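I have a structure here, written as structure tokens, and I will follow up with some questions on it.
Chain naming follows the written order as A, B, C, D, E and F, and within any one chain the residues start at number 1.
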Amino acid sequence: MDQGLTAAEQRELEARLQKRQVKEFMNVFGNLVDTCFTACVDDFTSKAISSRESGCLTRCVSKSMATQNRLSERFAEINASVTAEMQGKR
Amino acid sequence: MSSLFGLGRPQPSSAEKIAAVENELKVMALMHTRMLKICSAKCLDKTYREGELAKGESVCLDRCAAKFFEAHTTVSEQLQKQGEAAQRAAGGGGGGFGF
Amino acid sequence: MDQGLTAAEQRELEARLQKRQVKEFMNVFGNLVDTCFTACVDDFTSKAISSRESGCLTRCVSKSMATQNRLSERFAEINASVTAEMQGKR
Amino acid sequence: MSSLFGLGRPQPSSAEKIAAVENELKVMALMHTRMLKICSAKCLDKTYREGELAKGESVCLDRCAAKFFEAHTTVSEQLQKQGEAAQRAAGGGGGGFGF
Amino acid sequence: MDQGLTAAEQRELEARLQKRQVKEFMNVFGNLVDTCFTACVDDFTSKAISSRESGCLTRCVSKSMATQNRLSERFAEINASVTAEMQGKR
Amino acid sequence: MSSLFGLGRPQPSSAEKIAAVENELKVMALMHTRMLKICSAKCLDKTYREGELAKGESVCLDRCAAKFFEAHTTVSEQLQKQGEAAQRAAGGGGGGFGF
């Protein structure tokens, strides 16, 4: 991936990647809240989250994180095997 | 809100200070857009027979806004506990976003 | 929010914020059209918007703007109180 | 279209001229993407039993495109009237986007 | 559209537009896969795409491309006529 | 993956090399986000009565991920065949993204 980058380029790249990571994380966080809020909160007779809704949010966040971890693993695996296959063809 | 996300605590250089403020406003704007979308879906009658908000819709929006903020805090606290795991999932590395 | 910015930084910041505002406004406008078009326009036997659809669009835009104004007020209020609470804790 | 959004009327410096043209194309591309999404949802049979557009789908797409443009003009005119209010809602300040 | 640009500005603009085009293309491609995957793939008893799903994907991609071409034509036509009308009013 | 999209094959200058790597990671991140959204919708029970993934959900996610990648390859090959037409539709010009 980063073959052929000098040390300075590598540093610049890392700085950019860190910015990207923060952005990525904000997106993931926002999507998580949106998904779980949409699925769990539907009682607007009160302005405070009920214990039922709160429990649902907690489970939704756990399950979503588990989903994300699992898909990240699959993503990395498949990506590695696709890349290997492509390299072989060159 | 600065504190909710904890971004930009050390703000040294000029460009960085500007970027930090800009970034916070961006975060706020995004949150606002998401709230608008979600609370509209939860509270508004989609037939648009009226051009004004009905009393019930207004009250629903107010409560939805409050709950949306509360959910952010709740989820953020939960993630902080599950901390490192979450960060690895988000792409790894770095530390301490203050969530 | 802007404590600690020099006058020059303040100007630079304002220039950027204005650009951001234009962008923000385009997004809001686009979302508004999308929402109201999706909700109101569903007769494709003609290529002109009917008076029924037109009335629906007008009401939808009014109501969406009212929604946005109301949520902006709530957002500012809640945000202010959260910030105040956090400041108190420091 | 330049005129529909009224952006970039005073185009002085070199960088600004380029940014203005770039921005207009971006606005157009976004509008195109949104139209594609919305009109596809309105007009296409989602079972995909056929790989070509049926006659009815094609006609529907043509009309949807025309109506989508018209809706932009209508909404833009309405916002122009409600003017200042809309701008405050969008985050305040500045003036005259030409809506 | 590009009246009043010098040759250098024109080159700079073209470089930027090419970057934009790549980005645009990635978006279009991503949306296409998402739409067709969502519509066509729904059997998770196997990890390989079935021939039924594959056929559906092919037709969906064809139809989506046709839709896009058709809407692009309409978009250009309408846009040209709106612009002409606006020019006339100035 | 570099090869799947074929971007950044000629990487001359320093800034360009960095941009190329950054761009690839961006493409990967976007694909990951899209997969997360789509496979969650296909595989998860939305009632959230449980905070863990059920066995069936896990297996579904694994298969969904594999199929999602396969669909990318399939669609990309089909577009390569319909090649020029697709590029014109996407805004014209340039050539050879390797799809």
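Assume a contact is a pair of C-beta atoms (placed from the backbone, for glycine too) under 8 Å apart; a residue touches a chain by one contact, two chains touch by 3 or more.
All values derive from a computational prediction rather than experimental measurement.
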Seminar exercise, completed: Per the touch definition, the chains contacting both chain A and chain E are F
For this session: Check every other chain and keep only those touching both chain A and chain F; list them.
Result: none
Problem set entry | Chain at maximum distance from chain C, centres defined as averaged CA atoms | F
Problem set entry | chain C-chain E separation of Cα centroids, rounded to whole Å | 26
Exercise. Taking each chain's centre as the mean of its CA atoms, how far is chain C from chain D in angstrom?
Worked result: 16
Exercise. So, what's the distance in Å between the C-alpha centres of chain D and chain A?
Worked result: 31
Seminar exercise, completed: Multi-partner residues in chain E (2 or more other chains touched) are 24, 28, 36, 58, 62, 68, 72
Problem set entry | Multi-partner residues of chain B (at least 2 other chains) | 29, 31, 62, 66, 91
Problem set entry | Contacting residues of chain D [partner chain E, same complex] | 1-4, 11, 14, 17-18, 21-22, 24-26, 28-29, 31-33, 35-37, 39-40, 44, 46, 48-53, 57-58, 61-62, 65-66, 69
Problem set entry | chain D-facing residues of chain E, complex | 1-2, 4-6, 8-9, 12-13, 16-17, 20, 24, 27-28, 31, 35-36, 39-40, 56, 58-60, 62-64, 66-68, 70-72, 74-75, 78-79, 82-83, 86-87, 90
Problem set entry | Complex contacts: residues of chain B adjacent to chain A | 7, 27, 30-31, 34, 38, 41-43, 59-60, 62-64, 66-68, 70-72, 74-76, 78-79, 82, 85-94, 97, 99
Exercise. Chain D touches which residues of chain C in the complex?
Worked result: 18, 21-22, 24-26, 28-30, 32-34, 36-38, 41-42, 44-49, 53-54, 57-58, 61-62, 65, 68-69, 72
